[in-house]
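Handing you a structure now.
All chains are identified by letter, namely A, B and C, in their written order; residue positions are counted from 1 within each chain.
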Amino acid sequence: MAKLKQLYFWLLFAFCAVFFFTNDFGIVEIQKTAIVLGVGIDRNGEGFSITAQLAVPQKSEQKNSTDSVEVSGVGQTVGEALTAINSTTGWHPTLSFCNLVVLGESAVEGEIYAGLEYFFRNENVPDYALVATCEGSAKEFLSSKTPTADMSTFAVEKILSSEAKRSGVVLPLSLREFSIDYFTERGGYLPIIVKKEQEKGQGSKQTNEQGAQETEYLFDATKTALFSRGQKKGELSPMQTLTLGIMKNNVRIAAFPVTQNGIGYTLGVRRAKTSFSVEQGKRIKVKISLSASAIMLDSDASHTVDDISKTELVEAPVLTEAERAITEQISALIDETRRTDCDFFGIKNLVHKKFPRTDTGEGFLNEIDFSVSVKLKNP
Amino acid sequence: MKRSISENAMLIKRRMPSEDILSFSFTTRNGTACKLFYADGIVDKEMMGRLVITPLTAYGGTIGKAEIMEAIAFPEVKTANRMEQLEKEIAEGNPVLFVDGIATGFIVGTKKVPVRAITEPQTGLVTKGPRAGFIEDVKTNMAQVRLRFKTGKLRFLNLKLGKQSQTNVAICYLDGIAKETVVREIEERLQSFEIDAIPDSSYVGRFLCQGQSLFKRIGTTEKPDVFAARIAEGRVGVLVDGSPVALTLPYLLLEDFQSAEDYFVNPVRASFTRLLRFAVATLAVLLPALYVSAQLFKLQLIPLPLLLTIASSIQGLPLSPSLELFLTLTVLELLMEASVRMPKYVGLALSVVGALTLGDTAVNAGILSTPAVILVAFSGIALYTVPDLVETTSPLRLIALIVAGSIGTYGIVTGALFLLVALVGEEQYGSPLLAPFSPMKANDLKDSLVRASLPALDRRPRSIGSKNRIRFKETTCN
Amino acid sequence: MQLSTRQLCFIAGGLFPLTKLVLLPSVLAYHMESDLLFPALFLFLIEGLVLFSVMHLSSKTDQTFYALVEDRFGKVFARILFGVYGVYFLCSAILPVFEQNLLLRSAFYDTIPSPVIFSSFAVLAGYFCMKPLRCLGRLSDVVVPISSVSLALLLVLSLGTIETDGFFPFIDFKANRLFTASVRALPRCLDCAYPLFFLGHFKHEKGTTWKVLLSFAVGCIVVLFFLFDFYCIFSVLSPRESSAVSKIARYFPATATIGRIDLILTYLFSLGYVLALMIPLYLAVSCIDVCLPFRYTRLITSAAITLGLFFLYTLLQSSLMGIDNLIGTYGFPVFLLFSFVIPSLSFFLRKTHG
């Protein structure tokens, strides 16, 4: 029995050693792997054109650096288009680090989830990847040079980071969150990334291999696209995005502009709590209450040292004006949600919980009476 | 034996013709012939002259066994009638005196074996605590243990093992604390095997443990204070003549993660260092395997910035990650082996060559990558935080690498479980190898990977199975 | 005695719940959506009752289950019953063992792994099945604390992501959905029968029954909390999220900086998970060994399991859903009989004379 055991162990070891040294498990070594950091989706007639931004590590004499390259593929479906990349480059694209999926204008014209479904199905794509739309084509967007990061993907990750989210100016969304919104028929929203050409004199322009100067862009994601039932139905302006961000995102401090008596102020809104109460009478009534504290960040008029030292305190008229401005923005949001049927407040779910028999289908939001109450106070 | 001194001398010479067996003839004052046989180099000739030759040359009384014994007046004098025994005593370094007319050999205990001084052992260095170590002479070692237990309960059982070497082996235990069944079992096992020579205690250790295993089954130490502490816990110790490494049984795997110094520093520090040793030793074994499996099977284990750095470093390398690491580890083992064996005067030069070749040149030549070199260097150093387990962890590291390189991260998990399945079944002398973790003994966990304060360690470990569990009692001060 | 009370508690509370954390959450979410706690609770209550019956039996006798059956029904019947149980345990282990594939693809590999990697599990299972029962107890002493702490950490890391909006149920589900969900979940809730085969191998002391039941209850509470956590994170996407345990903690913000530490925790969790998967295989070998008590039965059965599992996996690895459907649909009466009815009725095997 002891000899049998010994034989057993030796066989086991030999088995492992054979596979170790032949390395024939269909493994793709890292040297043959293309690390996909971001993917852009455009429609190409009946099919899709996919642009993948790959990180291609380079060994240089001075230091190891990472270059990026954009590779495109075309196919009937997104999966087919990605496979085409493998066949043209010989690299095996790994999507494990794909942190950004950008949909070009053409991709959001039709059913949006047709482009995203591949990433949702694929186990290897992290579903915490950011999803966004862009103006123009996603291919051009990903190829853009930006001074804020080595690659456009990294730059977008910065502007849609959790820090930016906590400032309220952007409404970043992950693939998981967007999918939940899509499948619960809540409708969904995605940030729209806009390229702004960098003004002359602001830093140096990049020079490409041919020696020509390339334009650099800064990215802005303060506008938000609204979707309902997979179709794009509208957009939120930057102020509306900011207001929605304050309501939803547990902001650390959101800079909200207010004008009072011709003087412009920037208030820092903090500790915002939004609550929704639902009542049923002849029609369903939903009351949106927002309470927050506000501090004075800046104003365009000069103040005395005493006034500046009281940074935390905002004068009552300014607070009142701020409340009015926020109420106005919330009302605009309510109009948008009714118009687009994009339930970004989650009203349907709330009503369904409280009054399960209520039909919350298409057009339901138009049958609700909304009232808004905003309370700002000094900390 | 014969009465005639010349016949006895002839018998001895026939049995021991070697040229290092010398004899010295002298007579008593009344002319009785005497002859001393001794092995050159392992006898204290001065004492022999002072205690045997001088008194006897001055002795003029009757010649008899008792009279000769009285004349010598040295406490370590024995008599024997059989030539085999006399031969053994001469070989051990005890001179044998023949007196004409007496059919008895007188064995004088003036052995003087060349031994080295008691120094701090290389394998048990401490910054705080005793620095004495065992040496090759079993009697000195026994004395060091005796000095630590000034009680009649300390017992030594002396055995002679090895047909040719007749090596002295001493089983050491505390009566009333160690389990008698363990003592008996050790004694029986030692006496049950026949071997020509015992050059080292590891031979004895091999016979004390049944079966083969990659893991140690017997505790070892070169320090008397550690030996004494283990005896006090209820273990049984074995000292072997000719080896500075003492053995202790039963053995728990946990012992090697503990150091003597842990008991001389405060408990928080001790706990921290024990946990660190355990964590680092585990990392040393698993890190190369994880690195390879991350590269080949699961890139997400590596954060993206680090992954890009690694990917840059390995561009253009001719070897796959698994082979690269396997070769680097093999070269590291080679370097370590060579550094132990090589003469000191070439050590420095070859160390530089080894470091430069592996470190700088291989990386610059594009044969190895920097992360692999760093990883292997870390693993090599980390392994020596638990030096007593290096003979186990080093092959384990290679096995883990092979498993990870062929099966991946799942192979590491199943391999670890495989190892655990094998280890939980290991038991020697009634103590499981993984105690007190498996089977879990809650009280023993106080002195495991953490160390509670001394007052909390008032019970002997249940895992050892000692008879008397109470170590100390706190008495109230008035 | 081969097992101690503590080890039994570790097995009941630390190993039994682990196999319920991979595919079961998505199966329940598919059938019950936000009400997924109800079928789980229902099954756990039934399991608890069966467990109570078995532990109560252990308090009345120190004989093994085989000895009790042999006393009552004779040797031949006892051997046949054990042979049938051996086959039953083997078959009931197939689904959970193959479910591993989901965990492997999610947490261990970036690409679809070669079937050969499963050989490591097959070899491990074959080796483990040759060991005595005390090996299981001792392994649980080491592995359960590790996997429990890992699971706890995974849950803690996932807490920041949960959104309870979509979860809190209102009781509006139909009874037939509850029944369907329970039937489909049943193949993963068969642990209550295992302690029946530990009878006679542990000493029933005062309070053993309650300690084991309490441990089991704690394990069930952890599973229920996990289900809650899981649904709060994935909401309507839950039916798609197989391999739940490897996914809940990946949204922890620090993973972007320090890497996927949740994967390391998943690997540590897997130590307990793989051990839990091997328990029915172990019991199958033990039952067959009792049924056919020849010298090399255990060795041959273990080797047969090793090879059989490997080949089955190679053939059927892509058919997990098909196997799930088949077993879920047709296996229900068999599971009910062997894992619930017989263990409950075994209480009456105890001798009632004084």
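We take it that a contact is a pair of C-beta atoms (placed from the backbone, for glycine too) under 8 Å apart; a residue touches a chain by one contact, two chains touch by 3 or more.
In this text, all values refer to a predicted model and were calculated from it rather than measured experimentally.
The chain pair sharing the most C-beta contacts is B-C. With centres computed from CA atoms alone, C is the chain lying nearest the middle of all the protein shown.
Centres computed as Cα averages put subunit A at a distance of 64 Å from subunit B. If you average the CA atoms of subunit A and of subunit C, the two centres end up 40 Å from each other. With centres set at the average Cα position, the gap from subunit B to subunit C is 46 Å.
Residue positions of subunit C touching 2 or more other chains, listed in rising order: 110-111, 113, 116-117, 119, 123.
Residue positions of subunit B touching 2 or more other chains, listed in rising order: 297, 299-300, 403, 407, 411. Multi-chain contact residues of subunit A, defined as those touching 2 or more other chains: 19, 25, 27, 94, 96, 126. Within the complex formed with subunit C, the residues of subunit B that make contact are 297-303, 306, 403, 407-418, 420-422, 424-425, 432, 434, 437-440. Subunit C contributes residues 4, 6-7, 104, 107-111, 113, 116-117, 119-121, 123-124, 127-128, 131-132, 135, 137-139, 141-143, 256-260, 263-264, 267, 270-271, 274-275 to its touches with subunit B in the complex. Per the touch definition, subunit A reaches subunit B in the complex via residues 2, 6, 13, 16-17, 19-21, 23, 25, 27, 29-31, 33, 35, 55, 57-59, 64-66, 94, 96-97, 126.
Of all residues in subunit A, those touching subunit C in their complex are 12, 15, 19, 25-28, 94, 96, 120, 123-124, 126, 128, 162, 174, 176, 179-180, 183-184, 346, 349, 353, 356. Per the touch definition, subunit C reaches subunit A in the complex via residues 105-106, 110-111, 113-114, 116-117, 119, 123, 165-166, 168, 170, 172, 234-237, 240, 250-251, 253.
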